[in-house]
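Paired with chain B in one complex and with chain C in the other, chain A is shared by the two complexes that follow.
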Partner chain A sequence: MFLQTIVDGIMLGGLYAIIGMGLAVVFGTMRIINFAHGQFVMVGMYISYACFQFLHIDPYLSIGISFVISFLLGILVFRLTLKPILHAPEMNHILLTAGLGLMLTNLSQMVFNTNQLTVNLPYGHHTIHFLHVEVNQAYLLSFIIAGFVALFLFLFMLKTETGRSIRAISQNSSSSALMGIPVNRITTLVFGLGIAIAGVAGTLLLPVHYVDPSVGDSFSLLAFIIVVLGGMGSIFGAGIGGILIGLIWSLSSFYLGGSYGDVLTYIMFLLVLLLKPSGLFGRSRV
Partner chain B sequence: MKKHQTKLVSVIGLAAMITLTGCGSSSTSSSQASSAADKNTITLGVITSITGGDSEFGKAQKEGYELALQEINKNGGILGKQVKLEYLDDKSSAQEAAKDVDQLVNQDHMKLILGPYSSGSALAVVKKATTYKVPVIVPTATAANVTETGSKYVFRLCATSDDYAKAMVELFKKQGDVKTLAIVHEDQNFGASADKAMKKFAQEAGIQVVDDESYSTKDLDYKPLLNRVKQKHPDAIYFASYSKDAVALMTQAKEIDLNAKYFTAAGTGFSVGSFPKDAGSAADYTLAAGQWDASAKWKGSKEFDQNIFKKFGDHPSYHDMEAYASLYTAKAAIEKAGSLDSQKIRDALASIQLDTAFGPVKFDDKGQNAHPVLITQVQNGKFVTVYPESAATGQLKVPTPAWKDRK
Partner chain C sequence: MKKWFVACLILILCVLLPFVTNLYYKQILFYIFIFGGVGLAWNLVGGYAGQISLGHAVFFGIGAYSFALLAPHTGVILGIVLAGLVSAISAVPIGWICFRLRGPYFSLATIAVAQLMNVLATNQLKHWTQGAAGLLVPNVVKNPDNYYWVALGFAALAFGIVTRMATSKTGYYLMAIREDEDTAQTITVNTPLYKLYALIVSAFLTGIGGVVFAANLGSIQPNDVFGGAISNQVVFLAILGGAGTIYGPLVGAFILEFASDYLKNSVGSLSFIGDPNAFAFFVYGLLIVLVVMFMPAGIVGTLENRWKRRVNYGIARVSRSQ
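Up next is the complex of A and B:
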């Protein structure tokens, strides 16, 4: 049973990790905490829901669609709202993104009303039996895809010229500009990328969770905890932070009782803030 | 470092703020509400969950109201006037429900309120309406505390979650093979009330409660919780759940091979028409305490079932019926009062005695109607009444076979 709980926790953690990574990408590069992150996850869920409902596309096949739409949405939002205040004090970023979040929640309420929508996939409730452990197919599939997205992100950051530029900007944006890096274009791209990953996270969540306009609120908070836990701005840290939160939630729900999952998560978060405010992987910065 | 921490603190504060305000949102624009005392029409205010997590139930209630409205208007209306209903959506949230009361009373001058759906909303509505001295007929909310605020303006048609637990324990006692019980409930007003009631009645009957779990309907995964239940090997499990969580709990119980002789529930998510459809084979054998069934002996039950099916294309659950009977109760009260006056309607309700398709209606001094509970079981995707025997339409099928022994 211990092993089963660990596996359940890791599966859940994979979803959390991908939610956290999008936020970490944005924060790491431009030092903006996107408080609308959870709401962008919610938008991703609705994109895939619409694809499923109206175009009959399996949520796992609509990942590309939600990536592209979220990417464009991210760029649009960045150009229109964030870019003008990029160098303003942090409080402006916080207020702006928090406002964006409320706007997205209410917009989706106008379009989809507040019903909880789910997709019923024929394989959604099948399990795979493996070494005395039952794994739900939908969770497993989401976990594997989340792994690939993370891998793609790492390779992109480490191996490509754009990735190198992003890392340079995250270290020092004014010297990067002096070195001939198109800082404006790259930051726009990074914000788009962060939102695109949030959209993909939404798509991966849809087969295992309902979507309603307020579903993003809890994800925003969660993403934030994950990112702080892993070390602000570290993508790798966000991945580990997500899996850690999943494990803590699952273990405490199993050993202490259903309602303790959230309690222990927040206690853990407070401990990290008190003892190691830079997060578990605060130094490293991919 | 110092700056870093200040930033974190401010950020956390904001995060908390967002979570708190996230649910707040603009209220529905009111229709051009006519005042309640138009010359030729009577308008009554209805609060229910048209959207949000409880919308399955709100839809059911609306069907019940619409049918009653159609029948009443065809037969001459109330006090010779045609009746109109003004629906306000509480978006499945207690705050919105309380705001709806403000709107119905202050802007639309309603003298009587019907609804809302959930126990959380009902408690908020009763408290608010009592300050305005406007009577509320509560059709569906089962949490015990709805009629225990000391209000003289609440009149509840349905049986309570205490009655659910009592009926279920009676069934266990009759069967004689339930020694241990696990309770799994959602963490809001309804779940907490159902949990408290079940603990009390199980203890009185000598049934040991080996596990008591609460969860949030927002949780992503119920497997760790269900695995906890599984380890305790209870003879029976008692759920108190709304709609999406009921489906997720049963499908995940199947996934993790959680077996019990009895899967039981306090109505609600396990009783709603969409449950056998959405949970599929995982819904089979589940028992749910409920309030009404098309086979009920009261006059008009069968016709109600047929008429709802004719009008809306699906068979009603007890939520439809409770709304239907509520409007008839409102009609009787207004006619008895002889006018549209809040205080007179309240007094009429307090002493009313009438027969509806939902059974006899008579409120005690707390405003509670003594309504019998019946227990249904899902058999091959259909609800069958199995208890009490006098109302049964089919044989109780227990013990529940293990998941691996099912076809």
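Up next is the complex of A and C:
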């Protein structure tokens, strides 16, 4: 049973990791704390739900759709709201994004109501047996795709010119501007990318998790826990942080009982904030 | 004395109001007093000291639950005082943990603490709190109509304490911490002590606000008092009215309560909007976004700045003409 719990935790953690990575991309580059990140994950879930319900597109095939829509939504939101106050105190960012989150939550409640919606996939209940471990097929598929998303993100950041610019900006944005990097355009793109990853995370979660308007609130806090654990701004750290949280969640839920997953996650979050606020893989705070 | 003059006028107006308005407006005013009062308490920490707590519901809930558990044994008056004290005492460990962090990390820690209490009250502490089944809260006053007076009393108490503190030396210390914590420390302000002091007073008042809120509800679930909705509402109304201003939270509460009530009632008939409650909160979020973008000092703060500028301009003109 121990092995089963570990595997469940890693599967869950892989999806959490993608949620955290989107937040880490945005935070690492422009130091914006996006309190609406979980709400964008929820938007991704609803996009895929709508595709499934009305257009009969399998959630795994709607990844592209949710990526593009979330990306455009992210750019729109950034241009309209965040860019004018980019250099304001970070408290204003927190309040603004919290307000955005409230808008998104209630907009989706106006459209979809408060019902918990799930998609019923033909292969959603199949399990694969391997060494006494059972794995849900949908979970496994989501996990594998999450791995590919992470891989693409790393390759994008490390190998492309845009990725290099993003890393340069995250190190020093005014020097990057002096070196001829179009900082404005790149930061807009990065915000779009962060939201697009959140949207994809939502799509990957949909086959294994219900969606309702309030689901975003819990994902927002979860994303922060993951990113703080991994080190604010470190994409790799967010990946590891997500898996760790998944493991903690599944182990404590199994051995201590249902609600202890949340309790231990919050306690561990507070401990990390207190003892090692730079996280496991983060650069020290300036 | 001048600063109390306007406050006394408003108080007299609020005392006279219930004799000319109906029950409906009294109910709205009740919530304005509760959340205005809690907003004032939040303002001490978030507005004056600049420590944006996004988890103030933790004190609201601790106050509410302490009252519900203690009042049957101790009686109402002592129960209210004890609930405020329990909430104030809980601020010591919470502040000790959260104030070791700064800026956004502090805000995150406060959310985590409030969420942690929410989960604990729902599950692990079920033995005391009855979890999601709900816990009965004793009445503060026999006649439900009189909750108006209780809430008004609470708002007046919060206003008195907070204004007293904010306009004293402590208030200036807190503002110094907000502007630059390191510099404040260099000029011998004991920053950890004053932050904790502000939080303890704030928690005491927030706890009592929780008592009145819960007593009016009659029975509470953890999510009613510990939930993010409470924390957010308190922060939003203070920011809307003007964080770090004396009247800001009251103005914010007044606008938000009336606006959300108006929205809920007026758009209820428009079917394409869906859930009118959700629409009200949507506009609420929009309001926050607009305020942060276009007048980050809040309504009262913006007016104050404009007024000051005009006065300065007038003085400059007078001195030039001489």
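One rule holds for everything that comes next: the second predicted complex is superposed on the first by the 283 of 286 C-alpha atoms of A that agree within 3 Å, B and C clash if a C-alpha of one lies under 4 Å from a C-alpha of the other, contacts with A are read in each partner's own complex, and residues count from 1 in each chain.
Criterion: a residue touches a chain if its C-beta (ideal position, glycine included) is under 8 Å from a C-beta of that chain, and two chains touch if they have at least 3 such contacts.
Since the model is a prediction, treat every value here as computed from it, not as a measurement.
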Does the superposition put A:Gln109 against chain B (first), chain C (second), both, or neither? both
What is the contact status of A:Phe254 with respect to chain B (first) and chain C (second): first, second, both, or neither? first
In the superposed arrangement, does A:Val228 touch chain B (first), chain C (second), both or neither? both
Across chain A, the partner (chain B or chain C) reaching more residues is B
Classify the contacts of A:Leu274 with the two partner chains as first (chain B alone), second (chain C alone), both, or neither. second
Going by the contact rule set out at the top, does A:Ile57 touch chain B (first), chain C (second), both, or neither? neither
Under the stated touch criterion, which partner chain does A:Asp217 make contact with: chain B (first), chain C (second), both, or neither? both
Does the superposition put A:Leu100 against chain B (first), chain C (second), both, or neither? second
Now for A:Ile33: first (chain B), second (chain C), both, or neither, which partner does it touch? both
Mind working out whether A:Val208 is in touch with chain B, chain C, both or neither, as first, second, both or neither? first
Same chain A residues contacting chain B and chain C, which ones? 33, 90-91, 94, 98, 101-102, 105-106, 109, 113-114, 217, 221, 224, 228, 258-259, 262, 273, 277
Under the definition above, what is the set of chain C residues touching chain A in their complex? 50, 52, 54, 97, 100-101, 103-105, 107-109, 111-113, 115-116, 119-120, 122-124, 228, 232, 235-236, 239, 273-275, 278-279, 281-282, 284-289, 292-293, 296
Chain C contact footprint on chain A (complex, rising order): 33, 81, 84-85, 88, 90-92, 94-96, 98-107, 109-111, 113-114, 213, 217, 221, 224-225, 228, 258-260, 262-263, 266-267, 269-270, 273-274, 277
Which residues of chain A touch chain B in their complex? 1, 4-5, 8-9, 12, 15, 33, 35, 90-91, 94, 98, 101-102, 105-106, 109, 113-116, 118, 120, 125, 127, 134, 136, 139, 205, 208-210, 212, 214-218, 220-221, 224, 228, 249-251, 253-254, 257-259, 261-262, 273, 277-278
Residues of chain B touching chain A in their complex? 1, 4-5, 7-8, 10-11, 14-15, 17-19, 21-23, 25-26, 51-53, 55, 91-92, 184, 187, 213-216, 218-225, 227-228, 231, 243-244, 251-252, 254-257, 278, 280, 282
